[in-house]
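Two complexes follow with chain A in common, the first pairing it with chain B and the second with chain C.
On to the complex of A and B.
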């Protein structure tokens, strides 16, 4: 199963995002600053954004699902139970899973942000598509729910999962790290080496890498840290 | 057309000319051909939906013995002018025009309402695009059954944003009016095209008067 982007350029008013990438099976994290183009890229992969140039090629992918940044956009029914059915799923399965059993008749738009996020994520994940795109899936969730979501994503043992997020603390075990820098999608490689090349790494992670470097923990880490230092010193 | 005041005047006069009758609509169409960049940046999906409503109304009017074809021509031209005015709009212009027309009190309030409404329209267009993506992912086609929940979501999101904005304005101490210094950039052909628009309105009204006499 492969999803490849060839010389993709998407342009919007005043900015653009470029991508030349190949996503294999596993969990991918696409990170970048707010407004860097993560959501645009997610919608491009979902087929709802047409690029100015370039093409997308997929092999072996027969089903695609996207968890949108704002779960309100996904609501198409007047009740929680109806909303679950609109996904072709059984409310009796999803409602206990999302702790919404007592809210089956409630309008989904009247749920709290966290509840609606839980509901839509549960439905998207239950569909278990070949290509799963999750746009900022951790927003509106508390730490406990974020960890639970991480476990759900990790337990998905098939297909391509791409998480688009600026979250840096609660993340599942990812196979590949990507970063949008200056409007270009760049592959940082596999974990753990990718962490040393991650320009937007959280400060604590960066300090940990440096401490490992001081302890003489590998040449790769050392060179990565030098790269990180040069990037951070420029900011 | 750079000057927002002249653009507003041209929009009003041309709309009046187009609605007055077929000759006015024809002249307005010629003005649109000659004086606007036409389809550049026009939100075609929105135009198509609006045009569909005009066609439905025209058909109903024609069937019931009314001037359906005249309605179709006149309001299609008005739609073109509206699309041009919408795409030529730049953030802050309504505030400029509002304050220039009615001052820092009611003018500021009207400008603020206009700016927020237009911003809301643009955000709603993005919302609609996302909703359609979500429906496609669920395997739901775009039809009258899915139109109602999509509309409900759009209204819900708009009301919630309006509520948030009202709260923010109140917290920032907004009660009524404010200070704003309008700035109007001037284009080379602004005055000429506005005079043409005024002339079209005069000719259209005269032609209506001739028909009445």
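On to the complex of A and C.
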């Protein structure tokens, strides 16, 4: 399964993003500053944005799903149970996963930000598509939910997963790191070497990577940074 | 001083709570009542029971700047420049003084290139920064930010934190899921299932959360 972008340029209002990339099966993390084009790229890969130039080529991908940055844009039903059904899924199965069982009749737009995110993520993950695009999936989740999401993503075990995020700590074990810098998508390679090439690395991650410092006693594991945990456990 | 007594609202129960001036950070699991708490402090919601007073006045009598969790929902105007100007225009500030104020605040938050764009075309982080500029331009004494930083990369979040530290805001009440940011507050409230489980200075609250994922990563790995 391969998703390739050839000389892609998306142009908007005096702003643009360029990409020339190949996404193989596995977990990819795409990072970049506010307004660098992460969401635009996510929509491009989902087919909902058409580039000015370039083309997208996919092999073996028969299903695509996107979890949107603002989960309320995904809502199409007036109740939580109805929302789950609108995805073609069974509320009896999904409700327990979201811990929203007592809220099946509630309007999804009246859930808290984190609860709504949890609902939409549970649905999009359950669809288990060949290409899974997650735009800022960690945003508004509490740390326990972020950790649970990291496990869910890692356990997918198939297809291409691309996470677009500026999360600084609760990140899953990933195969490939990408960064949008000066309007261009750049491949930083595989973990752990990619982490030293990550120009926008969050300061704490950078310090721990450079010092190769494991505080011992499972502190990294306990803190919930699975990406870093995977680096130290390889040593 | 913010005094809250006998308040019930939705899932929240706050029998007796006093918040000092400065930067209060509200943390806790999803659905614990953080947004309800902030909406009460902003005067968007009225308590079903009990009272809230900010310097002896109900929140609705005070000027409050507010940035919500879904900032694109609150944008009223299509052009960024008009959105930022709105709070000044609504309070009848002389029109000829407004453009300079917009340019100044846009520069502070690095959003000058966005001023002539439409709010609809902005990214999630950009609209959050525009919402913050809109809230701050009229210098409200109370600023309420609901998981505002969840839309920002760490560099933008750092810029905002530094800027807000010197802003003349008497009460800043902010919810966040970034515990390193929460650790920089003056006062921390940990909400769970609608009640305040822990409160106090960051050292006090986070010491009690030492074995949980709520403990700030930067404290776990000190330099």
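The rule is short, and it goes like this: the second predicted complex is superposed on the first by the 209 of 235 C-alpha atoms of A that agree within 3 Å, B and C clash if a C-alpha of one lies under 4 Å from a C-alpha of the other, contacts with A are read in each partner's own complex, and residues count from 1 in each chain.
One rule holds in what follows: a contact is a pair of C-beta atoms (placed from the backbone, for glycine too) under 8 Å apart; a residue touches a chain by one contact, two chains touch by 3 or more.
Treat the numbers as computed from the prediction; the structure is a model and nothing was measured.
Per the definitions stated earlier, placing chain B and chain C onto a shared chain A by superposition produces a clash between them.
Chain A has more of its residues touched by C than by the other of chain B and chain C.
Once chain A of one complex is fitted onto chain A of the other, the partner contacts of A:70 extend to both chain B and chain C. When both complexes are overlaid on chain A, the residue A:207 reaches chain C alone and has no touch with chain B. Residue contacts after overlaying the shared chain place A:113 against chain C, while chain B stays out of touching range.
In the superposition on chain A, contact is made by A:48 with chain B only, not with chain C. When the shared chain is aligned, no partner comes close enough to touch A:181: not chain B, not chain C. Of the two partner chains, chain C is the only one touched by A:169; chain B is not.
Legend: residue contacts after superposition of the two complexes on their common chain; A:140 is shown touching chain C, with no touch to chain B. In the superposition on chain A, contact is made by A:86 with chain B only, not with chain C.
Taking the listed stretches 2-10, 38-46 or 92-100 of chain C in turn, the superposition on chain A shows a clash with chain B for 92-100 alone.
Taken together, the two structures place residues 70, 72 of chain A in contact with chain B in one case and with chain C in the other.
The touching residues of chain C, when paired with chain A in their complex, are 28-31, 34-35, 69-70, 72-73, 113, 117, 121-126, 128-129, 146-147, 150-156, 177-180, 211-215, 217-218, 220-221, 223. Against chain A, the residues of chain B that register as touching in their complex are 127, 129-140, 146, 149-150, 152-153, 156-157. Of all the residues in chain A, the ones that touch chain C in their complex are 12-14, 31-35, 37-40, 69-70, 72, 111-115, 117-118, 136, 139-147, 166, 168-170, 200, 202-204, 207-208, 213, 215, 219, 222-225. Interface of chain A with chain B (complex): residues 43, 46-48, 64-66, 68, 70, 72-78, 86-88, 109.
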